[in-house]
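Alright, structures below, take your time with them.
In the two assemblies presented below, chain A is common to both, partnered first by chain B and then by chain C.
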Partner chain A sequence: MPSSICWKCLSTTLTQPLRHGSIKPRIPIYLPTLAFSTTPSFQLPLPAKKSSGVKVTPKKGTKSLVIKKGKFQAENRARRPAPGERKALRKRIVLSNVNALEVQGMQNIEVENMSDQRVEGQVLRLPGPIVDQLRAVEAFKPTQSWGLFQSPGTLMRRETVDMGKLIADMSGEEGGSRRTVKMVLVGEKGSGKSMMLLQAMTMAFLKGWTVINLPEAQDITIGHTSYQPLPSSPPSYIQPAYLTNLLRNLPTANPHLESLQFSQPTSSDLPIPIPPNISLARLASLGASDPEIAYPIFNLLITELLSPGRPPVFLGLDGLAHAMQDGTGYTAPNLKPIHPYQLMILEWYFKFLAGRRRLPNGGIVMAATSQSNAPKVPSLDLALSKLEGSVVTRAGQTVPQKERNPFMRYDERVMDTLKPGRGIQVQRLPGLSKEEARGLMEYWAKSGMVRERVSEGLVAEKWAVSGGGVVGELERAVIRMRV
Partner chain B sequence: MFHIPPPINGPRRHPYPRFCNSQTPNMVFILGLNFPESRLVKSALSSFYGIGPRHTQRLMSKLYIHDTARVGSLADKQVLDLTAELSNMTIENDLRRKLQDNIRRLRDMGAYRGRRHAMQMPVRGQRTRTQTATAGKLNRVERFG
Partner chain C sequence: MATKFTFSLPLRISYQCPQCRTHSARSIRNASMPRPFSTASSTRAIAAPAIDFSSTDKVPPPNMQNARVVPASPSYFSGRPDFTDNLLSLQALLRKYQTLPTVAPGQAPRVAWRTVSQYRLLVGEPVRASKYHQIIEVLKRLNQIHPAVMPPDLHAAMQIYKRDLNPYAVVKRPAIIDADGRACGIGRRKSSSAKVYLVPGEGEVLVNGKSINHVFGRVHDRESALWPLKATNRVDKYNVWALVSGGGTTGQAEALTLGTAKALMVHEPDLKPALRRAGCVTRDPRRVERKKPGKLKARKMPAWVKR
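Let's look at the complex of A and B:
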């Protein structure tokens, strides 16, 4: 039955204030303000256009912009990643995982146990402050599986303990400690070369050494940072942005630079006045503040670090082949590619590796080759083979030393740097022994990454599957591959 | 005592290239044209008529600009040098004028190529029974570019 009162009148009386109080509605009436509909607003038909009398045609010669809105455009409303966001995600380094089980009774790597024969085959935890320092020298790689474990730990293999002994020996007060050890790490893919570099840096940090690391030679030679020439002949080039970054990370990586004082008399040919008696950490930050002064400050800092009474120095470089290849991504004004040896930072490093410059307070110059992302450099292969001699594999096969191919052109600069007689050791990292493999697999099992019981049989099987204990392959076989 | 690099790079605007997402990005002036700071120098240079990959590489090598440099990361000196280099080259309208002059010269001397240009027909002996659309579109005495 229709209401006796007109709806429209009621609505006006309810919404407008009453003029006189005699008429009051007794029943509250709820008025719908909008029609309820399940149709989404964008599917509603467009409102009919009001037809205006005069049709306006566009002026002759003018184009009206028409943007077609396709189906894809309407649906794809997700935010696009900001520039650099995807790369940051790709290069992200996760060092702990709260879901992994905590390994009970795991020891920290310390000065006391780093050269101890008894920790051989055990996985030791990297202490927190050292982790920060290693992060600053970019020792961790995104491809390493730190993110599967509660806290970062590393296997003390035989070579690691030997390295620990060497570093402990060189840190002592004896006369023999002031030598410069030059070393190139070789080995097949996944044999732990970058990890060895990390372990050596860890132990150098523990002993209070100054560590300067060039984490990826590819970043230097690929031609993605700014460069400018130095007035030298043959021309040499500096990379201000790279140097700035290196200087910025130095004080974080080496906290002892805070306590070392800048001792040289201030030279007048420096671009900025340097206050006397500032700490070396402050000096490095000064250089990091402006790419223009990074190079002179870097030189000054190195002179300071090599002056008498300073701690030993560790110089690291990963991805040696990139630093010794034929050319770089940079070009000289004559459009010829610049040779890596013309880049000041690599030239500087190779002077120490070749022994043309010494580390007066002792130290280690260590370069790691890479097998996964390396250009083919025949000169490097030949030079390393000549240094190493013939190799006996674990299976008992003898790989003879390489000979010079008369039809190949070799880079004499590379051959000269790695010439026999310069005292460069080539350290080959073989596969793990079964005991080391067992220790590593037990650590994985304790972290909850292995479901089976770690028995003699399982270790033997996985050791064989991984090509005789190649640690990267072992990891792939045990914790990466789930059947 | 130390080699101080020559002042190729003057004071920088930003130590690192800045990526602008805002509506009004900071612009850099090269040869009277504005480029957003986030644009690659390589791309900015080759956007000029008459400058291709080869000239781009030559200019960038000459001024020590690396391949992935953004316009915003250039020093003021480098921007000025680039502008100076570009203003000495025959590019943009000068190059277009040169092209038109060449065609006009051919037409005025009554050469076959000049006549064919004027007739908007293929110039180099292509068939004309079919497929002359490109010639019809481009070949003319007042050719744009």
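Let's look at the complex of A and C:
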């Protein structure tokens, strides 16, 4: 049957909507919209070369380079890794090693001992269920050397015990302790900022808190997940795939969500009908089942978690500089780069960090900076320096507070978030003390990673070599560099 | 009978002072007086002094036909007249003073004698090393005379054979611990140099005002820098504050090794043998070898090409 419109008209309908109502469009109209793809065109495979037909043979008497296809070349037909296989290998987290010695008499980290002064300088084992929860919030990093030991353990340094005290204190029943602590972890490379985040999350889990962690701000901003605009002004963008993943991991990370009942909201603008009396864990998995509804479900879940009577909340973020840099890997329809604050998930997090939103049941908002993988963000450096004030190092040097450079352009959104007076603490992680370094090295020795006797001299030497007990450097010097 | 007449050839007395119109004192110089460096042949000094025709006390030779020029020194007719004169005068001095008391062997003051090439430059004669050795032998014997009874003329005579700078006279200034308890040591390696201050402490290390792990990315370099303290088990006994400049990271780390060891030896001199066993006392003199023409680097040859 011939179509009711001619071919010329058909081609115009594909590009512009029909104006006159006389002809009803039977064909779906495809409006050209900006494709949300950041893959550059040069990544397309090159078109196959046409054979020219005429083969140019070298002149007689001239020698041409002939590379014989040897046996090796012919046989090199190994299977190429599947897409994502290499990345999975790179991001693989190994948490135990059966070849490592089992450390006798190693305590588990418990609610009882997490704020105990006596465990300071000891390495405590992370209990199995907590390990699963930490895995779910992606607290472990592939660069950390968990795979060298029988079971994952963590050093209780002075700052950890202080954090344990804080978490224990905030978990109390008194109304006064239900406050929101906002904290940014700073310190030199390898000083244990990500590990501090992990320890804080461990202790929050032990106390039955709800933990929501954004494990790597880089993953949010480099433009590797899909994104779509929200009908808001100024424009904001959600990342459905990222949110889906977050929601999927939430029930695993927080098993107590099973026991928390979803209270039916008054507003009826839910994307899908939600059955009554479901648990929050079920609600999260509902959101994880479909990226389309992930954002409304996430909002619903957060509202639920912040409603009265719920446990305290821990909000973590690692790699703060990526979340505060000037621009992301995403572009707006006007081809301008999207600012990280326009990404819904980061904007949401920064509201809590800046104190524009409170955690009514109490909780901690903790962000860790990174020194090894971080873009240069002068605004962040300045803001943190202003929050921290001048620093006196252990060697007695005074590092003065940074001043605003009149020739530098600062990001006012970042400066506003980390403005002094918002109650944001800056926690600097110094090097370990010698006692802590000794405790750690004794644990390594018991695990079979240090062969020599852990003596006063060895501890002193490795402590000095690691720049005054910088724990990452200590690890490099003691268990990584073995001659 | 031929009359001996001290007479010099006018051509040979070419050195004349333009101001005073008198002839230089060089003509009467002998080996006992130090003289300035000269590349000119010294035989003209040995030649006879100028004839003063103006003086009246000298009677003209009665027989002018037989008058001839006689050189000042009989060595004039030898191949190396200055050398011969020097040797003879030293031997004469030895004969004169050989009865003076000497010190025990090995107790004589250490003297750096001029080398044979320096001596050749001094006299301007191609003196052989073996011949110069004869002079040195005499000088060594003369040097054994007890310094308390050393005659002034002998001392002056020996002076010209000594090197201008006596390396044995240089006394190293002893390193001290200053009022703040700091000991300083300077170390060098390749083209780096390090100044290390060591104070009693707990093992803090600051290099150029920075923590050691910021200065040296490699753990190996950090261990090199602290090796003297580690080898003597003193890491937690001292704090290190160092300034290091020049060269690359390895050079800087090893310059710190030497500087730290030297500063440590100020605090504890008894550690020197231990530090020497650890290889921290001697400066490594090796530098980058220079590039040579015809080579790609110091030794690397260009690739062989057939024609």
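Here are a few things to note about the model shown:
Assume the second predicted complex is superposed on the first by the 408 of 483 C-alpha atoms of A that agree within 3 Å, B and C clash if a C-alpha of one lies under 4 Å from a C-alpha of the other, contacts with A are read in each partner's own complex, and residues count from 1 in each chain.
Assume a residue touches a chain if its C-beta (ideal position, glycine included) is under 8 Å from a C-beta of that chain, and two chains touch if they have at least 3 such contacts.
These figures come from a predicted structure and were not determined experimentally.
In the overlay built on the shared chain, the residue A:Pro271 is in contact with chain B alone; chain C does not reach it.
Shared-chain residue A:Met481: touches chain C; no touch with chain B. Once the two complexes are overlaid on the shared chain, A:Gln228 sits against chain B while remaining clear of chain C. Of the two partner chains placed by superposition, only chain C is touched by A:Glu461; chain B is not.
Comparing chain B with chain C, the partner in contact with more residues of chain A is B. In the superposed model, A:Pro296 makes contact with chain B only, not with chain C. Taken together, the two complexes place no residue of chain A in contact with both chain B and chain C. Taken together, the chain A residues at the contact with chain C in this complex read 188, 394-395, 397, 434, 456-457, 460-461, 463-468, 470, 473, 476-477, 481. Residues 202-206, 209, 211-214, 219-220, 222-223, 226, 229-230, 233, 235-236 of chain C are the ones touching chain A in the complex. Taken in their complex, chain A has these residues touching chain B: 82-84, 223-232, 237-238, 240-241, 244, 267, 269-271, 290-292, 295-296, 299-300, 329-335. By the touch criterion given at the top, residues 1-6, 8-9, 11-12, 15-16, 19, 21, 38, 57-58, 60-62, 64-69, 73 of chain B touch chain A in their complex.
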